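One chain, subunit A, links the two complexes that follow: it is found with subunit B in the first and with subunit C in the second.
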Partner chain A sequence: MSYQFDTSYIWGQSDALGAGLLMTLKVSAISILAAVGIGILGAIVRVMQVRGLSAVVAGYVSFIRNTPLLVQIFFIFYGLPSVGIHLSIFNSGVLALVVWGAAYNVENVRGGLLAVPDDLRDAGAALGLKPIQFMLLIAVPLGVRVALPSVLNTSISILKNSAYLQAIGLAELTFVAMERISLEFRTLEMFAAIGIIYLALVLGLSIAVRALEKRLHRPFETA
Partner chain B sequence: MTACASNRAVPLIAAEGLTKCFAKHTALRAVSLSVARGEVVAVIGPSGSGKSTLIRCLNGLLVPDAGTIRIDGAPVDMRQQRAWRAVRLRVGMVFQDCSLFPHLSVLQNITLAPVRTGRMRREQAAETARNLLARVQLADKADAYPAQLSGGQLQRVAIVRALAMAPEALLLDEPTSALDPEMIAEVLDVLRTLSREGMTMVIVTHEIGFAREAASRVIFMDQAEIVEQGAADAVLTAPREARTRTFLDKIL
Partner chain C sequence: MQLIVENYILFGNGLAWTFGLAVLTLVFATVISLFVGIMSITRNRLLTVAARIYVEVFRDIPLLVSLFFIYFGAPLIGLPLDPFSAAVVTLSLWGGANGAEIVRGGFNAIPEHQRTSAAALGLKPWQIYWYVIAPQALLPIIPPFTGLFTLLVQSTSLAALIGVPELFRMAQIVVERTTIMEGYSPAFTIFGAILVVYYLISAALNALTSRLERAMQHRLKARGAADMGSVRRQAEESV
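Showing the complex of A and B:
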């Protein structure tokens, strides 16, 4: 039996796919930005060894990195209501991706902060800056530059992992595809279509971050 | 006006019995040092003799294990970071490798601390910075980034950065050691001018010629101790101690 790949079928689904794409973009963009912000805060807490908090952050990072994302998603969506925390599908999805991505970003940014030379710390101290001022004005701007490639990796993973949210019924790209397939069985067309869309999204994100990287590198160029 | 009326007889920096150990190694053994206002003290000695440890102990970048430090007569509570910060606002420092912040322009490097420590408002700090840059012939580099400057230019900016805090004294840790020979002169010129203007300085250096001409006092250190000190000419031309002679013979 031969399967007839029907390109026109995909174009016929552009409304549904467009809506899914929009949802994927929305949930990913919010999650990526929040995960970067929380990742930076967590890394500062770890590197400055804030008493009590540092251990909490370390435990959180370890817990998230050593459990499956799908379990975390289910925990938030199905588990939290039992203790009275009811979140919408969208909020559950964002929370899961943020909690997951931020854990990786804590480690990414921590690595960047540790790469900041001690000489600069001494220079900052000798100028009368407080440790927190040095951290925010010198270490974070330099450390985030170092961490950018690994932060990009994590951000790409957040975008791709947004597909998991179909499991709790968020109408993102993968959910839309599965739904259409269950109605019309154009399996190959649908998965090919969303595969290409995900590819384009990730490439676009990479290009954007490379441009940012180049912009941030400008002060370091000689003459 | 009380700050200006401070007693001239009281040394600006008075360190007594400073001791600093790293693991089993003693880097500084009960060293005492007193620096009067307007004095330029050159600290010389072989590498590993404790010179850098000594001046890093004076502003708390290294916290001494024992001893006392008085700034203008007032003892520093050496266990308190806050107390050290107060010292650093009065006593600036210049490092061997300039340590400019690479992501900030020359002007931003200079204005950062005066603004963030609440000394000056932004416009006032920028004006001060531009005036100081002009004095070291770098007025045109205000908007350049450190990566675009030569070693000598970087070090002059680092000196300006310290001066922008209007310090009462400067600590300089081998300010010319990392520079190419042709750039050493331009940095020493700036330091000479500062010394003429009466800036109090403690400078760790290998530039014996500079020490002879600009320092009011030379301290020779070896094996974590001050071996000999006195007027520059006396110590450098007619050292009393054999160790000082051996060292000077080696490097001259």
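Showing the complex of A and C:
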């Protein structure tokens, strides 16, 4: 029990931690945006039952959701070069998170699109909208609104799971902390620091999501 | 393909460790889930706040960070853990936090009139919970719970990072060894094959789940219990 917790050590490391945090935020932000975009496209393919493509998307979603992200990351970073695809650590990390997050977002958005009432489809048809026009102009704007909470939850998961990228050596928050620990052995201080940072990020975002959910629900509240 | 056949003993051992890890974790996580989930629906403020803090901490901090923290941090407070124990402890606590949310969702989804009707019939509080609330709340949360199980089985792969010789660690060893000894990297095939193995395990679990779900729906319908779909939806939303 000779371990002495030294708070001042954490402040001394704020530059390294800041750089790590910045990398975490950067890789997460890019991945979240791409995952949402691909998720919406995939959901449209699924809901419109585009021949052939729909089954491919369904298979992709099922495979990604039922295999560990960590193994997917290793497959992309170590496996793809042997078939001639060379990606940097950062790009591999983004690719892995996008492929993972998009699979969840396809399901999230699909749920939202299916919640769009059939009456609207009939009304759209009566106005002469083609199915694709109905989808893009009416179903997507409405459905994405319904799906927003679950899409944002998946986005928060992407932020949390960016920690997995320390395993392939991306210098994000967890990597920075582990590196300092292996050099200076201030284990508890470092974990306390990154624990609090992650907690603040995720808790803050969750509260924002809940507030947004309430705000989106407001037009539908009765008196 | 040849590599997989040549190293079948390694992969077999790895799979055994993965299963061991998964089974222990599932059992502990279930116990913690029920315990903490029930804690969080009591009227005791201290218990609910304690449950809330535990759930938020483990759900919001990346699992990987918790795992490293417990593995590297425990020796510093005089409690050295071997990699396997550290993985079991972390995964159980993480699964327990997520499971507690499911349990809480299940209980919260029971309509208030079930409680008041039971009270009107003269049932004591423990009877209300044991005979009326618990059966209706716990059966519908089994499907989201098995979803959590699938996630836990996948998460056992994280144990490789602290040196548990489970399936994914074995794959890493084979890839590293072949790269050094043979001069080429079999990562694509080996990690690809491992992905397929995990997929098959999850698919088996999912098949089991949907059978269970159908059987349950039958039973609940026969009893005329509260609408299971709504209970389940609420429980799932909490994951």
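The working rule: the second predicted complex is superposed on the first by the 201 of 223 C-alpha atoms of A that agree within 3 Å, B and C clash if a C-alpha of one lies under 4 Å from a C-alpha of the other, contacts with A are read in each partner's own complex, and residues count from 1 in each chain.
Criterion: contacts are C-beta pairs under 8 Å (C-beta built on N, C-alpha and C of every residue); 3 or more make two chains touch, one makes a residue touch a chain.
None of the values given here were measured: they were computed from a predicted structure.
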Partner chain(s) touched by A:178 [first = subunit B, second = subunit C, both, neither]: second
Which superposed partner A:210 touches (first subunit B, second subunit C, both, neither): neither
Superposed model, subunit A: greater residue contact from subunit B or subunit C: C
Subunit B versus subunit C as contact partner of A:123, first or second or both or neither: first
Touched partner set for A:219, first subunit B, second subunit C, both or neither: first
Contacts of A:86 with subunit B and subunit C, given as first, second, both or neither: neither
First, second, both or neither for A:188, with subunit B first and subunit C second: second
Subunit B versus subunit C as contact partner of A:78, first or second or both or neither: second
Subunit A positions touched by subunit B in one structure and by subunit C in the second: none
Residues on subunit A engaged by subunit C in the complex (per definition of touch): 1, 3, 63, 66-72, 74-75, 78-83, 160-164, 166-167, 174, 178, 181, 187-188, 191, 194-195, 198-199, 202-203, 206
Subunit A contact footprint on subunit C (complex, rising order): 56-57, 59-65, 68-69, 72-73, 76-78, 150, 154-158, 160-161, 168, 171-172, 175, 184-189, 191-192, 194-195, 198-199, 202-203, 206
Residues on subunit A engaged by subunit B in the complex (per definition of touch): 119-120, 122-131, 133, 137-138, 141-142, 145, 219-223
Of subunit B, residues touching subunit A in the complex: 59-61, 81, 85, 88-89, 92-93, 95, 97, 99-105, 112-113, 116-117, 145-148, 161-162, 165
